[in-house]
Amino acid sequence: MFKFQSLMSYMMPAHFGPRYAGPGTSGWYRDVTTMVIPYVTDREKLAAYLPEHFEVAEEAVITVYFACNKQIDWLAGRGYNMIGVNANVIYKGKEETLEGTYSLVIWENLTDPILTGREMQGIPKIYADIPDHAISQNRWTTNASHFGNKIIDLSLSNLRAPSLDEIAFMHQKSQGKDTPMGWRFLQNAGKEGVSEYTTFPSENHFKQVMLGEGSVKWNQLSWEENPTQYQIVNALADLPILEYRPALMTKGATNLLVPENMPRALK
Amino acid sequence: MFKFQSLMSYMMPAHFGPRYAGPGTSGWYRDVTTMVIPYVTDREKLAAYLPEHFEVAEEAVITVYFACNKQIDWLAGRGYNMIGVNANVIYKGKEETLEGTYSLVIWENLTDPILTGREMQGIPKIYADIPDHAISQNRWTTNASHFGNKIIDLSLSNLRAPSLDEIAFMHQKSQGKDTPMGWRFLQNAGKEGVSEYTTFPSENHFKQVMLGEGSVKWNQLSWEENPTQYQIVNALADLPILEYRPALMTKGATNLLVPENMPRALK
Amino acid sequence: MFKFQSLMSYMMPAHFGPRYAGPGTSGWYRDVTTMVIPYVTDREKLAAYLPEHFEVAEEAVITVYFACNKQIDWLAGRGYNMIGVNANVIYKGKEETLEGTYSLVIWENLTDPILTGREMQGIPKIYADIPDHAISQNRWTTNASHFGNKIIDLSLSNLRAPSLDEIAFMHQKSQGKDTPMGWRFLQNAGKEGVSEYTTFPSENHFKQVMLGEGSVKWNQLSWEENPTQYQIVNALADLPILEYRPALMTKGATNLLVPENMPRALK
Amino acid sequence: MFKFQSLMSYMMPAHFGPRYAGPGTSGWYRDVTTMVIPYVTDREKLAAYLPEHFEVAEEAVITVYFACNKQIDWLAGRGYNMIGVNANVIYKGKEETLEGTYSLVIWENLTDPILTGREMQGIPKIYADIPDHAISQNRWTTNASHFGNKIIDLSLSNLRAPSLDEIAFMHQKSQGKDTPMGWRFLQNAGKEGVSEYTTFPSENHFKQVMLGEGSVKWNQLSWEENPTQYQIVNALADLPILEYRPALMTKGATNLLVPENMPRALK
């Protein structure tokens, strides 16, 4: 009969044993390139999508970000691409108040991290085809589509090195504020379910940061075009882009498992 | 603030509203072609993978099955392919005893049904590239691979129509025994988790059934070759194929939502 | 040293020997489902794309067709999808006059038949992602995209069986007129090149034919979105859809190698 | 009627106009990472695959190389992966003698450069699924497969910076010897065909070069497993690996269009 080994991490199918935790694996994503495009949206409309205990932050900012992740230790050095959408929020729980970002959705082009992200950390990851970013005539572009139907186009142009003032400002803004939060939710199917808020901090080590002008184009989709995601895409397409904030391109590495700051449920 | 609508079904991200349940959708998979390849394996080795309350059935039979699913209502008429592995088992719970099959693993080539299967029904679905079956010189073949590394090869040959005796025998064998069971498991990440056994009956409407000789070839894989699934593949490759039973090819339709026999937790 | 075997067919790399011509292979595509959507366009605009010796036929009709090809003998029983565009033309050569269709372009989702089609028959095949057709609420749909950018959407609705009169009419119309023609062209790169017109007849064996209403939606694309095909897509998008003709759905088999009617160069 | 514009480059379908030659395009591949794995093989066996006028060079060396090409100007900044096989040869033509490499085959995971390579330069490119290289525990790996069946596994380990002597030696060896050659071949289908030898020089600008130990594992495949390429794969698998030479990893950029050294037919 199958028995759990203590202290190990399990996912379905659990009966074949725990997830690997040996020499080659770690929390490191060793080669990560990102495009980060924040914009101000309508406060009321955004608030309608935040679950209990979350409020829109001082500024109603949404950030659409692309990451081309390569050399990922837990995937034996392979990679995948993602396009995510965060909202700036304040979490006011029973025991703690946190300022950070709430994960509205993340599209990824590989199922393996989608499963771990959803089930272990409560990150609402779903699938899309996402090509590596293209760079032509100093313009960076990428997109996401599913079933052949476009979800979003992203681009970044006029890239330039930040000034010292800008670096200082970015540093100050990020102090204690890069707390990504999510909602780990599993409906009661038989008798049991899960509904809890989580945080899953990571540590970025940048080798290069550039500032630029970002642009995002959401599509409206019908149920026939994307039957599993159309309501998500349309909700995001309906959040107006009131004003773009300076966009970023970064290159560096990311560590998802920071010992002193491990993923946990919010209180 | 986001609020749940009662009686609706939700999955992450839940805050954009419930899953669609309108006119175009249903439980019907309207065009399903399968290859079903059962074989006897070692009873002790198989038993080692069954969780508490499950026992190997009278015969230690594993069934590897491929389905090419098309015209699926909830995917707006699209399709996907799957290769699954079942074990014949007896469930002896606190309140009920059931004879049926326990789902050891299912590979699918589309993320959407992987997420619903895992989270709603507790079916241990994971991703693989699975081509449509090829038919050449009266031999049916398909395979599964991930990251370019082969997991399994399947084939079916010498297909013939069953005799009336064989039809009667298949009918008798399947009486009350096509109860598929799974283990809906979500590890405690923050404070909460799920661990319950489920059953998810479906109804097959065959238009054609053929008998044939099946063959299965499992690969052994290293962590480097398939870091997220190698222990699953190797466990299955280590279960000896002691004797093949007659294999099947079927064409027809399947309904996953049978009103009088809905998915539920085992007691 | 490599030497050619006589009577065999060779493609690059030729030095490893001829293409296979053994037991499993043939010209048969044994399971073919098509959507055929003809429409009248502007005669002058269409004529601008026809090379010397070709004229627009009595009616300036373009046909967009999708085929989901399965169980193809020369691919050992595998399949692929295609979306092609034909124009009704008259070929007036030095020695012969032929009425038929001129292949403007074919997108296919598998490279192997693209290479043979281009190099052996002079069919202008290029690559696109093309899903199997979806069928939902009695509407058939499919699409083509490349680099994540949509090229075309196709749909077919209100399918019904043809009347006897319609069958007779279709039969009459197709008499001697299903002559597909192309332009086998290879630019002089070093010293040599090829430029000749070809015909590549095939034989359709239908098991089912339905009439319906077709719809085609072409996208306009920038060089950045589809650098290798944008001029093709935009040219086709610029040909106006003046009037749809009755569309077809067919199921059956196709033989590409009809002994008494083999591919050949036009005279 | 369609007419050619002079001085422009055309490919099928030619009737929609020439290939783009505007601002964003060039011969530059701006971000290229390679693994280069040479080995000595059997001289007689290799010679059997060389066409007339080619002889095996002083050493019967085959080089298997992988390139992860990104930021390619003519693809509007996109990329693709390739695994190629070269043989060290001497070309003894009627008018010139050249030492260089003969391209036995190149697998690529994008159809667009396959078509241009075959038709414009005579490089025997064919399709395979080729993932980006993975890097885990200081080992670089990649592979190629088609229809789910593995063609080749490549790996590179023990990477180290070269010594000054090694750099000098590599520099000396490459003097005048990086002349890649191919056989542009198009069978007579109608009346016309092409058969000519070509050279297609490129210019590499390395930012990093590392030495290491390479390893190559060829699979044997049946017609059923890979009906369009099995004879190619098996021929290469049958060339013995007598001795590995030092392998390379390089990072840099490549220019395919060097004005003073353009692709041309051999004399």
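Chains here go by letter, A, B, C and D, matching the order in which they are written, and residues are numbered from 1 within each.
The criterion applied here is as follows: contacts are C-beta pairs under 8 Å (C-beta built on N, C-alpha and C of every residue); 3 or more make two chains touch, one makes a residue touch a chain.
Here is each chain with its UniProt name: A, B, C, D = Acetoacetate decarboxylase family protein.
Given the structure is predicted, the values throughout are model-derived calculations rather than measurements.
Trainee: Quote the value, from 0 to 180 degrees and to the nearest 5, of the angle by which the CA atoms of subunit C must be rotated to coincide with those of subunit D.
Mentor: That rotation is 180 degrees, given to the nearest 5.
Trainee: Farthest from subunit A by Cα centre, which chain is it? Let me know.
Mentor: Greatest centre separation from subunit A goes to chain C.
Trainee: Regarding the subunit A and subunit D pair, does the interface count as same (over half of residue numbers shared) or different (under half shared)?
Mentor: The interface is built from the same residue numbers on each side, given that over half of them are used by both copies.
Trainee: Comparing each of A-D, C-D or A-B with B-C, which pair has over half of its contact pairs in common by residue number?
Mentor: A-D
Trainee: For subunit C versus subunit D, what separation do you get between their C-alpha means, in angstrom?
Mentor: 31
Trainee: Measuring centre to centre with CA averages, how many angstrom lie between subunit A and subunit D?
Mentor: One centre to the other, that is 38 Å.
Trainee: Rounded to a whole Å, what is the gap between the Cα centroids of subunit B and subunit D?
Mentor: The answer is 43 Å.
Trainee: Which positions in subunit A touch two or more other chains at once?
Mentor: Those would be 24, 75-76, 78, 131, 134, 136, 139, 141, 147, 224.
Trainee: How about subunit B: which of its residues touch subunit C in the complex?
Mentor: Checking each residue of subunit B against subunit C gives 23-24, 30, 70-71, 73, 75-79, 131-132, 134-137, 139, 141.
Trainee: Any idea which subunit A residues touch subunit C in the complex?
Mentor: Against subunit C, the touching part of subunit A is residues 129-131, 134, 136, 139, 141, 143-145, 147-150, 224.
Trainee: For the complex, which residues does subunit A have touching subunit B?
Mentor: Listed in rising order, the residues are 1-2, 9-17, 19-20, 22, 24-25, 47-52, 74-76, 78, 103-105, 110-112, 114-115, 118-127, 147, 183-187, 189-198, 223-225, 227-228, 230-232, 235, 263-266.
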